[in-house]
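Only one structure is covered here, and it is reproduced in the block below.
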Amino acid sequence: MPFKLFEVSKPIPERKEHTYVKHCGDPEDCLPKCNSKTIPGSMTERGCAFAGAKGVITGAIKDVAHIVHSPVGCTAYGYGTKRYPTTTDMPDGSQFPIKDFNIKYIIGTDLQESDVVFGGMKKLRQAILDTNKEFPFVSAIYLYATCTTGLIGDDLDAVAKEMEEELGKPIIAFNAPGFAGPTQSKGHTIGNNVLFSKLVGTTEPPATTPYDINLIGEYNIDGDLWLLKDYFKEIGINVLSTFTGDCCHDEIGWMHRAKLSVVRCQRSSTYIAKMIEDKYGIPYMKTDFFSTKYCAENLKTVARFFGLEDKADELIAKKMAEVGPELEFYRKKLAGKKAFIFSGGPKSYHLSVPLQEELDMDVTGVSSMFEHEDGFEKMKSRLDEGKLVIDDPNALELEELIEDYDIDLIMGGVKEKYFVHKLGIPCLLIHSYENGPYIGFEGFVNLARDMYTAIYNPVWNMLEFEETEEPDVPNVEEEAK
Amino acid sequence: MPFKLFEVSKPIPERKEHTYVKHCGDPEDCLPKCNSKTIPGSMTERGCAFAGAKGVITGAIKDVAHIVHSPVGCTAYGYGTKRYPTTTDMPDGSQFPIKDFNIKYIIGTDLQESDVVFGGMKKLRQAILDTNKEFPFVSAIYLYATCTTGLIGDDLDAVAKEMEEELGKPIIAFNAPGFAGPTQSKGHTIGNNVLFSKLVGTTEPPATTPYDINLIGEYNIDGDLWLLKDYFKEIGINVLSTFTGDCCHDEIGWMHRAKLSVVRCQRSSTYIAKMIEDKYGIPYMKTDFFSTKYCAENLKTVARFFGLEDKADELIAKKMAEVGPELEFYRKKLAGKKAFIFSGGPKSYHLSVPLQEELDMDVTGVSSMFEHEDGFEKMKSRLDEGKLVIDDPNALELEELIEDYDIDLIMGGVKEKYFVHKLGIPCLLIHSYENGPYIGFEGFVNLARDMYTAIYNPVWNMLEFEETEEPDVPNVEEEAK
Amino acid sequence: MSMNLIEKDRVATINPLKTCQPLGAMWAVTGISRAVPLVHGSQGCSAFVRYCLSRHFREPSEIAVTSLHEDAAVFGGRKNLVEGIQNVAIRLKPDFIGVITTCSSEIIGDDVIGFIKTAKGELKEKIGEEAVEKIKIIPISTPSFVETHLKGYDNTIKALADYVAEPSQPNEKINIIPGMVNPGDIREIKHMLRLMDIESIVLADISDPFDAPLRPSTTEYKPYYPKGGTTVDEIVDSANSVGTISLTKYAGSGALSLEKKYNVPAELGPIPIGVRNTDQFLRNLKKLTGQDIPDSILDERGLLIDSMADVASRYLFDKTVAIYGDPEITSGIARFVGELGMEPKLVLTGSKSQEFVKDIEKVAKETGAEIDTMIDQDLRSMEVYLKDNPVDLMIGGSDARLMAKENDIPLVRVGYPVYDRVGYHRRPIVGYNGGIQLMDLITNTVLEKYYEPEHWKLQQ
Amino acid sequence: MSMNLIEKDRVATINPLKTCQPLGAMWAVTGISRAVPLVHGSQGCSAFVRYCLSRHFREPSEIAVTSLHEDAAVFGGRKNLVEGIQNVAIRLKPDFIGVITTCSSEIIGDDVIGFIKTAKGELKEKIGEEAVEKIKIIPISTPSFVETHLKGYDNTIKALADYVAEPSQPNEKINIIPGMVNPGDIREIKHMLRLMDIESIVLADISDPFDAPLRPSTTEYKPYYPKGGTTVDEIVDSANSVGTISLTKYAGSGALSLEKKYNVPAELGPIPIGVRNTDQFLRNLKKLTGQDIPDSILDERGLLIDSMADVASRYLFDKTVAIYGDPEITSGIARFVGELGMEPKLVLTGSKSQEFVKDIEKVAKETGAEIDTMIDQDLRSMEVYLKDNPVDLMIGGSDARLMAKENDIPLVRVGYPVYDRVGYHRRPIVGYNGGIQLMDLITNTVLEKYYEPEHWKLQQ
């Protein structure tokens, strides 16, 4: 019986196929059903395709103005939702005038009832002109379709083409309305396709080296990219283009000039790596930089490609000496703690082994809200017998899971965090992090520390009023041992 | 009947002599009784001699460590009570290491019961050593007797002498215990005498000019001194020594090298000016720099002494052009408002004429907590018929005064401020100021503005809940007109 | 002495100061006990709102969605909604389901009322008639392309009045429509009502649901429902109250509906921010209930007055302020800062509201200030304005925090959203106590920024 | 895991963290309704204290003085005190006069009890026996050179127990000795008692006198007396209560006196700061009164717990703190910051208290932190310590503000004195609500200082 139907989901038995309990003898394709529609009336954690396109893929680019063609809501929600810091450094050595421009501004057409009736393309054209006037320094303007404009049939590509000619500046349309596809993953795909087809091959880098890579699917969440870039630099590898953390519009255009594509977030951006390989013959490798072991292994693999393995070894040795003792402290504290990883996608397979092997934790299971089969295969392969692999769990299932599996820590998003706390269990932000970065050597220490502080928060020993005082209040650490 | 007994003071008829109602035909020496003991059991605003010495006179010096020889209270109360900012600039061009050192630190001997029994001199000696170790850069150490050490008979002069020899650094004792004299004024006198007898004539200035003055009784409350110094500089007059705002210990020592002593606070420091004149033949003049007219007149007088009247005229014209329009605005707003000035001392005569003549206000009366006869003479001479001149009013009398005279504004200290507000009347801090400086041209604008904001605080129109809404709430200014 | 209306000079909206109707509806439904907001739209419509509400309140925001996809765009959302309602009803066993439309379901033209009927019918076969009748399932029409989130809130309260309220016996209670204010504000209102000995029905009371204790021993789990919220019975009973006070003129439709249908007298606004507005609120309460205003409240008033006497003219006078946010809160704060002697130099709201303009005209008259006023505007307009017209202080939500920082203008956080600090949702700005809190916040901000450099001025 | 006691290495006291006994006595007497503190000493003894109290509370502090001068030093203060008492009695018509000694009157050796008798005798001739008997005139011995201001407070409460309390009928009330906490703290205590349905006598209740409404229409003038304070009748009745809780072990003499003389059981401390101390306070209340702890309080507790779950580990963990001030408040905060996962690195008090050392040992054990502890120390010691041992945060009064600024360490203001900001006297730090307030304050300070530079971390 490799599938499990939560008690609370008995009225919707279709959910059973989405909850797989790992059994080692199962055939490889025995996986939870995924990337299919959510059952209506669920409290799903899933978002929409627009979120996948703008929120995940393009929102990290530093020098682009984003126009959301929508009633005001989608524009408002597109603001300040991702921790994608950017610098003002441009590849040619110049400075973009505004730091964190991508975080600071969001633009929209604020469609009204009359626009819904008569169409919003005129308004969109004017909004593009306004944007170019307001922020003349942007390198490009990106347009986003939404449910409304999808339904009323506004032709964003036509507007983009027309206005690009008028302004002499790249204008790119993303047709990923909210209702497209079962999850935000549809938006990733569209984002990849558009950026590849419209941009890659259109620009040339200021300079190249024999050690150039594309770092794909690295969005610089809470500074992740900056750590990785330092590693590569020290090894002698040059990140020619990042897709898309702290990158600029033109960087996408010259991805075809790299020697290798390194794919970080395999769910959201293997697409473009594959397309680049197909069209330009540039090989790609899927990588994993979470935790010290994965980071070391994958740095070496990338370095080996360039014959720089020695340099990688040096870096790894140095870093391990730095973080080893601290990690050892946290390992002792975290050993045996039961964690459940509820990520958007790939973190559910990136983190299971490191938590188990490097921190001696017990990973009760993993889930994802938008992974596809390939991702679930990896999740499954990286878990022990009897562990859970769940597609798109809803809030009610999460409750049952926590109750039945005696979980010590949930790793999830803001939507889960405060809900899980109400169940008396700590929840760590794993989409946008608590005190990141979480990648690489230092990042894994940060993650371990954040897990440690979440679990050892003294509050968990004080949840209820006690009618009699404990003669001597133990300290949390003792307690938790 | 030039004297008045408040209704509330009927049980203590002695108070009658302290409350004079100006009658123009009265002989000059018809004045309120002053500088005599407060009737026990009063809520007086008066302080003690220690406050007069350390709080007023010496606390403004920037490079001296002050040791209060007392139980901890007097030391604690000697901290942070005066707005005497200091710079780190020393007259020889060097820098004292700590800004606002005089505000930042207070030192004491924290006398215990055993010290009271066996004497505190040993402890004082050790405290001096400690102080010199902690702040080796101070130019001198000043010691203060207090009620306790006065009563137990500790000989501070002996300790000072002994330790001065040991440390090779000036150590000066001030024997102004709290119970000495009827008011803090006793502490001023002692402070003046000690500083004159111990310091004046003991040092030489780094340089002199033919235009050197001592600026006496200017403590730099909220930056007053810095304004005045700028004026003098522009006229071509050099402040060789300030007594004691933002001054250093050595400056007192070379006061005998000035050409003229200019006395600002006539109550607290005419003493030293007089002693310098007597001993060194340096003339002094009593001055008045509050308000534009007094400031202009007195600047001219001082400038005339040096043959620099033209420069003074230039400065005055420039300043008047700057502040004139603003003052005119405030004059219109303040015209007719009834003010009562309850100052420590001289501000009660400095401000009455300016408020009346320059701002068209009505000064209902003035009072002082520590003035002597000469000061009360001036107060009286600067008031109109029927106005009040009160020595040491107590809280209860203040209540009656406000009720009977329909006062719009009280100018007093912190002890009065919140009390007066409870009576539904604004009270402006005139000892330490609200948003000073208050001296000179710009300062008078500040004062006018602070009076304006205090009186026009919209809250005075909202004191009580109204059962019916006013059809159209008038704005305060309209209302107050 | 005047109000100067500054028009938006762009079509593009840059950093909006408003969002769409569904958010207001989800907010309001969360204020009902054991209620589930069911959004009939794409998953983004629930996911984004849950994210936004959770980060502001640091609380769960449990919202169900019908997950509309391409097929619904073509064939309509009937299947999704009918199924969705049943799944919610069966799995979550709520007392109330608010079916909230979105841009997509409105454009598709789904017959929400009809679908609810269908769903109920099917449900009856599954869980029995009695169980179904116990659940109020209410349609809430909130087209995203009309007005703002406040309208969505307003439409929800109106739906409660129209679909839930039922006249029976007079109940001597007062209905309060708080508007989109924080838990701390609603608690302060209830505190005032308690002092006046008035019982109330809050439509709807998000104070506990969005600020709930963490107490596993008494919490309702599987499904988790937060403590509190207005019960359906109370909403039913709201037709029998002695009156309705909507704290905001901008969300008074429910009050007017109760007045029209059930003769429950309505008073709309002003929001009790500051002295005069709170005075007016108390007068309205007295008028509707006949209750006297007790000394205990007037003493609280006296504490605010006392603080204003001690602090306002000394530290705040003539400091210029830019205030932005929802119209009622913004105009309320503008009036209050005027009462503090400050100068509201710029007021800005995302709503296109003539009421707001009138409110500000009144403030301009009272304060004698020239007030630059922006309606239907965005935060970018404020940023551009401030470059040329710097102010001493900004008052509003977190979305302008980077602008404040860049311009080195201290920001006093109020209203929604505040996500970059903690506890603000718990801190009232309404009532006399809220006035004290807000004034303290403003004053301490001024002291830190403008007085610290000359620290001796803080010695008093 | 340990407490490391750091001794003072100087004789000189530099920037004391304490003051003398009379201040504590004047503070306490102000908490009695229609009472006048009459200081038997120099004018500085009243003037300085009035200044200090007024600037902290931003309220009047009306204190009379006997104005001792040289002649009294020689001949004794008899005349001053006898006259002073009469003048106060006749002119201010109080219900209570607290005669507070000072260093000078103690050294002179004035027979205060005798002088009070004499004054009463003379008074009777002037205003009649009945009028005199209505005024409680109580000697309070507060030699300035013994211990600290807290001892003066303690001696005053003990004087109330010894000279005013009188047994009659049991009253079912609880006596609360709040210690030198703020009006907001006392109000929070009273709020908890209200929720537990317990009536109380607060010895003495400064909450209204030091935070009084500005309401001319209801204020008592000529003489002005602030609203509130504990009435003399209540103090008399305190001998009949079911128990006394002193929120502080450091001022429990009055409680012990009531226990010894009238069998009123006493509980001393801990001050209810933080979760565990507040839990203990409630248990003590239950023990003494038999009242159950209601859900309403536990829900408030749940809100604090909720905030701690959401915020503490995320933003506060392992941040190091220096805490200074009065011993009970300091040790209470040390325990609370430990509950928040922070590290109390330095604790500092001006009192020479072994109780404090024990409290801190307990906190060290609970938190596993190494806590450097200074007793009988001054602020200069902290400054020197911080140069070598910087911390992330300081918690204490305004007197260390310049040190905080110079070391670029943010300062969370609590306790007394706070004179460079507004409203802190009104903000509780005790009880669960006080815990929320204090945690919010700490967290927002941390966010502003340590998170703003990477502002994206504040998006959540």
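Think of it as A, B, C and D in the order they're written, each chain with its own count starting at 1.
In this section, contacts are C-beta pairs under 8 Å (C-beta built on N, C-alpha and C of every residue); 3 or more make two chains touch, one makes a residue touch a chain.
According to UniProt, the chain labels map to these proteins: A, B = Nitrogenase protein alpha chain; C, D = Nitrogenase molybdenum-iron protein subunit beta.
Keep in mind that what you see is a predicted model, and the values were worked out from it rather than measured.
Undergrad: What is the chain whose Cα centroid lies farthest from the Cα centroid of chain D?
TA: Using the mean of the C-alpha atoms as each chain's centre, the farthest one from chain D is A.
Undergrad: Quick check: more C-beta contact pairs in B-D or B-C?
TA: B-D
Undergrad: Quick one: report the Å distance separating chain A from chain C, using the average Cα coordinate of each chain.
TA: 32
Undergrad: At what distance in angstrom does the C-alpha mean of chain D lie from that of chain A?
TA: About 52 Å, centre to centre.
Undergrad: Which chain D residues sit where two or more other chains touch them?
TA: Within chain D, the residues that touch at least two other chains are 55, 58, 212, 214-215, 298, 301, 305-306, 309-310, 402, 455, 459-460.
Undergrad: If a residue has to touch 2 or more other chains to count, which residues of chain A qualify?
TA: Where chain A meets two or more other chains at a single residue, that happens at 80-81, 100, 103, 414, 417-418, 421-422, 463.
Undergrad: Taking the touch definition from the header, please name the shape of the chain graph: line, ring, star, complete or other.
TA: Graph shape here is other: it fits none of the named patterns.
Undergrad: If you look only at chain A, which of its residues touch chain D in the complex?
TA: 80-85, 100, 103, 222-223, 414, 417-418, 421-422, 426, 429, 432, 434-436, 450, 453-454, 456-460, 462-463, 465-469, 472-475, 477-478
Undergrad: Please give the residue numbers of chain D that touch chain B in the complex, ascending.
TA: So the residues of chain D touching chain B come out as 10-16, 18-23, 38, 41-52, 54-55, 57-70, 72-73, 79-81, 83-88, 90-92, 102-104, 107-108, 143-146, 148, 212, 214-217, 219, 221-224, 226, 350, 380, 399, 402.
Undergrad: What part of chain D is in contact with chain A in the complex they form?
TA: 275-276, 279-280, 282-283, 293, 298, 301, 305-306, 308-310, 312-314, 317-318, 338-341, 365-368, 454-457, 459-460
Undergrad: Give every residue of chain A touching chain C within the complex, in rising order.
TA: 8-9, 11-12, 37-51, 67, 70-77, 79-81, 100, 103-113, 115-116, 123, 126-128, 130-131, 134, 146-148, 150-152, 177-183, 395-396, 399-400, 403, 413-415, 417-419, 421-424, 463-464
Undergrad: Quick check: in the complex, which residue numbers of chain D touch chain C?
TA: 55, 58, 211-215, 218, 227, 295, 298-303, 305-307, 309-311, 398, 401-402, 405, 419-423, 426, 436-437, 439-440, 443-444, 447-448, 451-452, 455, 458-460
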